[in-house]
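Presented below are the structures under discussion, each in the form of structure tokens.
The same chain A turns up in both complexes below, where it pairs with chain B and then with chain C.
So, the complex of A and B:
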């Protein structure tokens, strides 16, 4: 609860900071201070110190799993602020508002990871989504940004409608008339059509939110149109948070009737992996490639929904961390680039060896090469699926798709190292480079000892 | 402790290599590091078997059932010795090659050595997979950065091929892991699985693992990456690829496939053998037609690897012993051939057989040494390859694991005849006959190159005449593997 309240309050603080100071770096410092406070507040939550507490009638349940993910999300946001904070200032004039909106998103994240009723799920997802619509359109003079914002809003509103409908159906199907996720699915030995329709509608709307195929069509346009700094935030922290909400919902509400809906998820996974990877191959812009890559990565994360066993729960945390860190890093570098096509990266290794080397580590992590966190992320997902015993075809298919992903990730590496390009004048400070090296080091450290992250969780569980 | 040193020395050597700015010092530094590794490896040979210094078991990921377990047995000793010996040879033989950013080149070479050592030493399946991939990454960068004109496409094809294979292998490994009694990746738990996995599962599990190894060797029809990659890579890397890396495939079968999925291996033995034979004859025929020296050696390598793989599926003691010896011999011989190709290319800037001729008159030392290496490649008696191939042929012929042993032996020996055709043809055209305008000004080779070729020739002849020490080293491993392989259903 600490983090939830503080993030909402700090969002308001940020809004007012824009009135009192016009100095952009002061605003950024306030934001960084806020995120540090959030991290501390959340670790207090983790230790059981609920200093600020409001009785929600058990509508919110702050379990370790959700709180641990909040920590990951907040730390990733801190890294994001430190790496890309300067670039947020360059988007437009209303810097304070951008930071405020990000804090509101974080508030939504803490609800979405800890909801106990479908109402709270709905609230959390809406609190995440609405600021994002604004952030997507924040570059007001850019037509693409505005178009993306409108598109995102329409599609988002549409999927929210579907979600509400699903929730209503589930409410109608429950014998006692309840929104509590743990009670919806209980005693469903024979499933009523109402219940099944509700479940499928929720599945579809959640797939919309995490951009799983065939509900992914908004993703490339929105990610491409939004200012690159905000794409970075949307594609990583927000997406991971939605996955946590997704898994929480399906684990608690529909876990017992898993065999009934598994096949739908399996088909969604296969479609997501196939479309995401194959379309990414044909992209000419790195930003668009990353948008499709985020769809492809979502395909792997969906394995956690398919299996919902403890391995998958460990795995999704690791996956969220590995994927977010690597993608934030790549986006931070991408923002600095002048030419955002693959050719723009030509010869980067020669002129900016640190950027190239760290970018290579991020890309290797996304491709799932051992010694990087991305390997263990994929490893856990495969392990979870194989442990279940069924869907071997899906595992083999996923693995082949992972091999396809090599193609587009390595195109960047090839451009940086093996092709010659014009020297580029990039504005990179040495602190930016050091931070990139730290992020790369974390990725490698997690790639050798994934337990560092997971053990902490297991200890906390006990 | 010795296995750890074998991994750590090249690893640290490589990592420090990145920071040595001067290319020449980086080269000397790498040479020293590789020589130290060789010394450690030789010391490892002298240590008594089953001694504690040959094993190491450190904690790594207890929650996943994986540990940093490395150890040396006979099979590992042969291959680590080959790895340890090859790198100094490669560094000395290519001592005069100039590279852009030489420090990175040598650093990556040493890192690939560390990866290779890890593959041959790992006693834990997850660790094995780690090193399997880690050996690949430096080689990818080496080939893409310092290779020939079409290097990027060629290497990329190579990378994607092997990556698909290794991911399939990962699925197989995880599946096996989930079936171990104590949920552990240790080799002991994997060997305990033998006979406990249902036959129906073994039949498809076999392919998950076998494809990874077949791509690496390569076995027909997974071989198409190989000639392009060998041709486009810098010669030093080609030596690593063809001398050592291809052995990872054979090693994988011997250590992780045949003893674990013995029934699967038995069920698919004939199919795999048939693929090996097709590859051998097919590659030999293409080799006859090649005009490019590098491609010729590349195809000849496919043929030789096919025979070794065939002998494994024969499942006999003589055959397996032949495979183990031949893995070492093939590594030495093919590195010798590459050195010769490199020398020719550096002097004449061409690899076309048709443009060369009469080299023997101008560089007699090179000619003599090449003829010996080439004859070893054809497995003439008194050379090392004869011992290996003879054992393998006799193994395949006497095999009880297949009904088609005679067919396989006859078909495989055709490829030996074909190998004589292309090898002798190459010698004749390149070294004998009349000199032309290009070869008229040829000079003989330098001292360091002579020394290295002499070392290789000595190794060829010693093993050819007196193979007993090698047979002794490998005997125990052969028996251990055979005891786990299923001869009959």
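So, the complex of A and C:
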């Protein structure tokens, strides 16, 4: 509860900071201070110290899994602020408001990772979404940004409508008239039609939110049109948080009737992996390629929903960390580039060796090459699926798709190292480079010793 | 009245909303159709609330009232969405002098 309340309050603090100071770097410092406070507050939550508490009638349940994800999300946001904070200032004039909206999103993240009723699920997802619509359209003079924001808004509101209908059906099907996620699936040995339709509607709407195929069509346009700094935030922290909400919902409510809906999730995974990877191959712009790659990565993260077991729960946290760190790093470099196509990366290694080297590590991690965190993340996901025994075909298919993904990630590496290009004047400070090296080091460290992260979780689970 | 009537009515309204979202090209009409979807859910939730209330009134007096609270939350969130959504549509109108979503194809290539 500490982090939840502080993030909401800090959003308001950020709004006022925009009135009292016009100095952009002061605003950024306040935001970084806020995220540091959030990290401390969340680790207090993890140790059971509820200093600020509100009686929510058990509607929010702060379990270890959700809180651990919160700390990953907050740390990733800190890295994001440090790497891309300066670029947020370049989007427009309302810098304080952008930071405020990001804090409101984080408030939604902490609700979405610890909800205990469908009401809180709905509220958490909406509190995440509504600030994001604004952030997407924050570049007001740019028609692409406006278009992306309108598309995101209409699609988001549409999928919210579907989710609400699903919730209403589940409520009608429950015998005791409850929204608590643990009680909704109880006593469903014989499934009523209302319950089945509700479950499927929830599955569809959550697939919309995490951009799984065939409900992914808004993602490339929105990620492409939004200002690049905010795409970075949307594609990483927000997406992982929605996955945690998805898992929490399906684990607690529908875990017992898992065999009945598993096949739908398997089909969604296969479609997501296929469409995401295949379309990414044909992209000319790196930003759009990353949008499709985020769809493809979502396919891997969906394995955690297919196989609800402890391995998958460890795996999704590792995956969220590896994916978020690598993608934030790539986007931080991409924001600095003038030309966002593959050709723009030509000859980067010669002129900016540090950027090229760290970018290579991030791309290797995304494609799942051993010795990077991305390898173990994918490994845990596939392990979880193999442990179940069924769906061997899906695991084989996922490995094949990962092989396809190497092609488009390596195109960037190839452009950086093996092609000649004009020297580019990039505004890169030395602190930015040091941070990139630190992020790359964390990725390699997690790739060699994934236990560093996982053991910490297991100790806390005990 | 049997609950089925309410379910049919709500689902019909919801389907009208979905059809509108998928077929209409005017951003404001699409937006109205989304609101229709949300409000059909409100109707359904209130109907289910009454159903559960009547079924469980013997056990506890406030049985089934939680869905009515839910309806208020949906209204609040819908209001927040309206404010953001209309602002986005106004922003689009300033750029293109139209609210037709067919104009929105700059991201396709």
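As a working rule, the second predicted complex is superposed on the first by the 462 of 462 C-alpha atoms of A that agree within 3 Å, B and C clash if a C-alpha of one lies under 4 Å from a C-alpha of the other, contacts with A are read in each partner's own complex, and residues count from 1 in each chain.
Here is the rule we use: a residue touches a chain if its C-beta (ideal position, glycine included) is under 8 Å from a C-beta of that chain, and two chains touch if they have at least 3 such contacts.
Note that the coordinates shown come from a computational prediction; the quantities given were computed from them, not determined experimentally.
Placing chain B and chain C on a common chain A by superposition gives a fit, with no clash between them. Shared-chain residue A:224: touches chain C; no touch with chain B. Taking chain B and chain C in turn and counting the residues of chain A each one touches, the greater count comes from C.
Measuring from the middle, so to speak, at the Cα centre of chain A, the directions to chain B and chain C differ by 140 degrees in steps of 10. When the two structures are aligned on the shared chain, A:310 is found in touch with neither chain B nor chain C. With both structures placed on the common chain, the touch criterion links A:150 to chain C but leaves chain B unconnected. Shared-chain residue A:383: touches chain B; no touch with chain C. When the shared chain is aligned, no partner comes close enough to touch A:353: not chain B, not chain C.
Residue contacts after overlaying the shared chain place A:255 against neither chain B nor chain C. Of the two partner chains, neither chain B nor chain C is touched by A:214.
In the superposed model, A:423 lies in contact with neither chain B nor chain C. Distance between chain B and chain C in the overlay is 27 Å (nearest C-alpha pair, rounded to whole angstrom).
In the superposition on chain A, the residues of chain A contacted by chain B and by chain C do not overlap at all. Residues of chain B touching chain A in their complex: 61-64, 129-130, 133-134, 137, 141, 144-145, 151-152, 156, 159-160, 163-164, 167-168, 170-171, 174-175, 178. Residue ranges on chain C touching chain A, taken from their complex, read 3, 7, 10, 14, 17-18, 21, 27, 30-31, 34, 37-38, 40-41, 44-45, 48-49, 51-53, 55-56, 63-64, 66-67, 69-70, 73-74, 77, 80-81, 84-85, 87-89, 91-92, 95-96, 101, 104, 106-108.
Within the complex formed with chain C, the chain A residues making contact are 119, 122-123, 126, 130, 133-134, 137, 140, 143-144, 146-151, 153-154, 157-158, 160-162, 164-165, 167-169, 171-172, 176-179, 194, 220-221, 224-225. On the chain A side of its complex with chain B, the touching residues are 364, 369-371, 379, 382-383, 386-387, 395-396, 399-400, 402-403, 406-407, 410, 414, 417-419, 449-451, 454-455, 458.
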